[in-house]
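Several structures are given next for inspection.
You will see two complexes here that share chain A, one where it goes with chain B and one where it goes with chain C.
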Partner chain A sequence: MKPIIRFKKFFRFFSAMPALGWLFGFLTAVIIEYLIGDNIAWMLGLPKIPALFGFLIMLKKPLLIPGASAYIIIVYLLPLTLTARFCSGTINKIAAKLYKLPTPVYTVLYLIFLYIIIDIWAGISDYRIVTIKLTFIAIILTLSLNVINGYMGEFSCSHTGFMALGAYTASTVTLILCANDKLFGEALLPSYLAPFLFPIALIAGGIIAAIGSLLVAIPSFRTRGDYLAIISLAFMFIVKSLIENLEVLGGARGMGSQPHLANLPTVFIWTALSIWIINNFVTSIIGKATNAVRDNETAANAMTVNTRKTKIVTFMFAAFWAGIAGGLFAHVLCYVNPGTFGIKKLAEIFTMVYFGGLNSVVGSIIGAISFNLASEALRPLELFKWIIIPVIMILIMIYKPTGLVAFKEFNIKKILAPKGDK
Partner chain B sequence: MTPLLKVENMTHFFGGLRAVHNYNLNLEKNKIQGLIGPNGAGKTTVFNLITGIFKPSEGSVKLDKEEITGLFPHQIASKGLGRTFQNLLLWRHLTVFDHIQIAHYSQINYGLIGSFFGTKKRRKQEAEIEESARRLMEIFDISDFANMLAVNLPYGAQRRVEMARAMAIKPKVLFLDEPTAGMTPEELIRMIQIIKNVRKEFNVAIFLIEHRLKFVMELCETIQTLVFGEVIAEGTPEQIQNNPQVIEAYLGKEDIT
Partner chain C sequence: MEYFLQNFINALQWGSFYALIALGYSMVYSILMLFNFAHGDIFMIGAYIGFCIASLFILLFGGAAPGWLVLILTIIVSMFLTSLLGVLIEKIGYRPLRNAPRASAAITGLMIGIILETSNIAIFGTKRIAFPQLVETVTYNISGVFITNKKIIIVAISLFLMAGLHFFIEKTKWGMAMRAMSYDFLTVPLMGISLNVIAPLTFAIGSALAAAAGILYGLAYPVLDPYMGILLGWKAFVAAILGGRGSILGAALAGFLLGFIEIFTAMIFPSTLRDLIAYSIILIILTVRPHGFFGKAHSSSLRL
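Take a look at the complex of A and B:
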């Protein structure tokens, strides 16, 4: 009995800590890492600061496991525990004050705070920057696929096709207008305009993807389930082989030398925007109508829901965000080729959606982050990674068939609320 | 006075099978009319034809003097024709409250911009809809279940959810497809009361399919009897009860040997 009680006591600090407390804890952690991380790593005999919470080092060199775990405890767990133990009360008071502001205001404040932490954390190495950017893009992709597969219940396999459309459109726009490259020649506009043009390029990519999605949306009036899955899969392959055969776009060799426009703040802002807009959509009655279409189309129709319009809008909306994600993806890697947007990428997105949970914004965010970080952390295992991840997936499907956090509404107020102390 | 819902010479074929033949209906404001008939007579088909799930092969349907034949079901519904289903088509993953909110779909005009960005107009309209949904749940006595999944409710409550949902579209005519199927006698009596209340409160005409004669006799002002897609008798409950053709259709011919 006793150890359990002690264990519970230890975790009580954490349960009394509001979201702001976690942010403060992580802020101290990343500041410590930023200032003396190198020294701590050196003292513990590590070659450098562990890039991804020590997983990579542990798996590559098992001898360094004690060092890496000690690093994690000193740099991350200790500050978190100390904040939870000693500052919960004060932080709760601050959180309660913030909570009295209008919702959009404090949400933005929290986001800025979160961004600062991420920026300091990612500043340690380029590897971290790329990982975190790709994770953010994965969040957009997962959320948008969840709108079709989770909220509307159609099994669409064309998401990487939409992504490819977006990636290629956005790249073409930026390459023509603001980069000197082999395909389109000299830049038409001076380079200082590029950051302003980038959102336009992304939105153009999104719109092209949305138009492309009509090819899947219209057959969905008549077919559902397996048949729509096949049609959408065909669409994905059509897009892929179309790009492979268009020499103007570089064909199978791909398209390179995009300007470095997708920096961390840009990706962060687009991700926050996508979460906000998608969440708005799915909580509106127009968005909830997609649920009605999924659960029973005849009843939805009889209750005045325009099911055709709902399907078209939902497909186009999701494809738009997939296109945006594609555009960001192309500018993070500064290179795209059609091979990227194949069945493997699709399988990854599916895993994130079904792992995180259908019909849930929080679920998608959790799914995208955990899958991405896990697949990065397990990278040293090489081939075995593709055994471990499917096994996790199978276990999830057995024990929680709808995913980790399915059918929950995303309530920003609840997440950021201060916690009353007991 | 022209009837609220007027169906003229409606005929429908499923392939070679004539499911409904020369069907006529004049439903007046604030009236309750019943449709009875043996299994497979085509009662639900009549409902589906009028509500637009099938398009009639021939004939016309007019709601409030407006031609609605051949429109999509959601268009017909938003013109003021609400219905419930024989086998309870509730949405599996949605709460009772969501059910009734979604049925307000045609009353929304904040558009996609509103749904993407959460504009003031959207907040205002959704607040109104929430209010209206709460009132409906009160009337149908399902407020206690507001945040429960509709499929988890007791059977009688599920029926009431379906009716509340149908009333949320603000119908002029309400179609009830076997509203008492599978109900206990107590639930049945309650349902009669609810339907009477609905007519009083919302001023709608009601057209219902029913098997239980007690229910039909108590509620309906006029009754049609449908056999093999044709109306064989129409009149007040007493007339129908004593009509030899109806008795024959239900019980078969008396064999005199």
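Take a look at the complex of A and C:
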């Protein structure tokens, strides 16, 4: 009994810590890593700073497990625990002061704080930067698919198709306007305009994806059931095959040399924007109408919800964000080919949505982050990664068919509120 | 004209693979109202099991047994083994999810498919494997149209299997139970027919047909690669939809139709456009006839 009580006592510090405290703890951790991480790693016998919390090193070289775990404890857990133990009171007071500001103001302050931490953390290696960018894009994708599969209760398989549309449209715009490349020749505009054009290119990609989604939505929302699943699957294959056959866009060889416009702050801002807008969408009137359509279409219709319009608007909205994610994806990797947007990618997005939880913004964020980190961390296992992840997924489907954090509302006020005695 | 007939025969062969796989999708759908997304990979595993069995037989008998006998034995044994795999998948993957949302079952199916693919790569590697040539190719020239004996064997065996399935479903007690179950899966268990018997049976039959398709595919195109399940499986899935969800006859006909569409588009247009045109035609057909050729309209409460 005694160890359990001690364990509980230990965690009581953490329960009293507000979100700000976690941020402070992580800030100290990443600053320690940034300043003396190399020395600590050298002292513990590690070749370099463990890129992904030591998982990669542990799986590659089992001999280094003690060193890697010691590194995690020293660099991450120790600052977190110390902050929780000694600074909770002060931080709670600061958090309470911040909490009195208008909600948008302190949310932005928190986001800036979060960004600083991520920037320092990712600054250690390029590998971390790419991983974190892809994770952010996965968050956008998961959220947008959750709007269809979770909030609307349909089963859409065309998300990679929308992604491909967005990726190719955005790439075409940026390649024509601001890059010298083989496909479209010289840049039309000077390169200093490129960062300002990038949002326009992304939005153009999103709009094309939304228009493409009409091709799926108009025929398939006449009837219910798994009809959408099939139409959207066919749509996905059509998009893929169309791009493979368009030699203008590089055909099956793909499209490369996109300018490096999707740097970390850009991706971060777009992700934060997507979370904000999608959360507002699903809590707005039309989002509630979407939920009503999912639960009982006839009743919703009787309650003056225009079901067809609601479904089409929601579907286009989700497709728009998938297009944006596709555009970002293309500019992060600086290369896309039609094969990327196949069944495998679709299965990944489904995994993230159904792992995190349906009908839940938090669930989608958790699902996207945990899936991405897990699949990166298990990379040394190579093939067996694709056995472990599906097995976990099947177990979750059996024991929690709607996902881990399903049907929870995302309330930024609640998350950022100060904790402790009132 | 000869060119057309030649392609007609090719399409018949190509369509018979789709038809055999689509039958599995359709049968599972008619009983459990869900799509077994792992079916394409069961087809692939069936082909690999066929490869192992055929190699084993060749090793055992050497040249003593005639090729057709080895082929038939291979088909029978691999159909049996693959049907065991189907039963196992039903038991592990789908039975715990019978009351869960159907989307969860769809995800489970996808995941089982990935597991099958990966384990296959783990055993055989990613490189392609040559399927043993059990039957010598003999080409008949009938007034300018070239027909190989393999094509005749493939079409004959698949038609035979489809006829057998039809006989099983229409004439036997088990088939009657299956039809009853697809008609109403709530009341029929009250009559003493357990869903826990009928569902594995359905999976077993579907998987066996997929295995047969896999071996016939190996006979026609003697290379096996681990991703062939994705390639053919999803198209066969679309064929099953096109025929009408849960309709056996529809699935078989739509499989052949899809084969014809693909071969004839490849005849007229460049072959890279094959997928594009095939799926576009399917999209148009489904827009006009949302429930496929032989499907019944579902009530609005049914959803994935």
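Please note the rule applied: the second predicted complex is superposed on the first by the 420 of 422 C-alpha atoms of A that agree within 3 Å, B and C clash if a C-alpha of one lies under 4 Å from a C-alpha of the other, contacts with A are read in each partner's own complex, and residues count from 1 in each chain.
Basically, a residue touches a chain if its C-beta (ideal position, glycine included) is under 8 Å from a C-beta of that chain, and two chains touch if they have at least 3 such contacts.
Remember, predicted model here, so these are calculated numbers, not experimental data.
Of the two partner chains placed around the shared chain by superposition, chain B is the only one that A:280 touches, whereas chain C remains out of contact. Once the two complexes are laid over each other on the shared chain, residue contacts for A:298 go to chain B and to chain C alike. Legend: residue contacts after superposition of the two complexes on their common chain; A:288 is shown touching chain B, with no touch to chain C.
In the superposition on chain A, A:155 contacts chain C only, with no contact to chain B. In the overlay built on the shared chain, the residue A:407 is in contact with chain B alone; chain C does not reach it.
Within the superposed three-chain arrangement, the count of touched residues of chain A is higher for C, of the candidates chain B and chain C. By the touch criterion defined above, A:42 lies against neither chain B nor chain C after alignment on the C-alpha atoms of chain A. When the two complexes are overlaid on their common chain A, residue A:221 makes contact with neither chain B nor chain C. Touch criterion not met for A:196: it reaches neither chain B nor chain C. Shared interface residues of chain A (contacting chain B in one complex, chain C in the other): 298. Chain contact summary for the complex, chain A toward chain B: residues 277, 280-281, 284-289, 291-292, 294-296, 298-308, 313, 359, 407. Listed in rising order, the residues of chain C touching chain A in the complex are 35, 92-93, 96-97, 100-108, 110-112, 114-115, 117-119, 121-122, 230, 234, 237-238, 241, 245, 272-273, 275-276, 279-280, 282-283, 286-287, 290-291, 297-298, 300, 302-304.
Contacts from chain B toward chain A in the complex involve residues 51, 53, 72-74, 77-78, 82-83, 85, 89-94, 98, 101-106, 108, 112, 114-118, 122, 126, 129, 165-166, 168-169. Those residues of chain A that touch chain C in the complex are listed here as 149, 153-155, 219, 222-227, 229-231, 233-235, 237-238, 240-242, 244-245, 252, 297-298, 343, 347, 350-351, 354, 383-384, 386-387, 389-391, 393-394, 397-398, 401-402.
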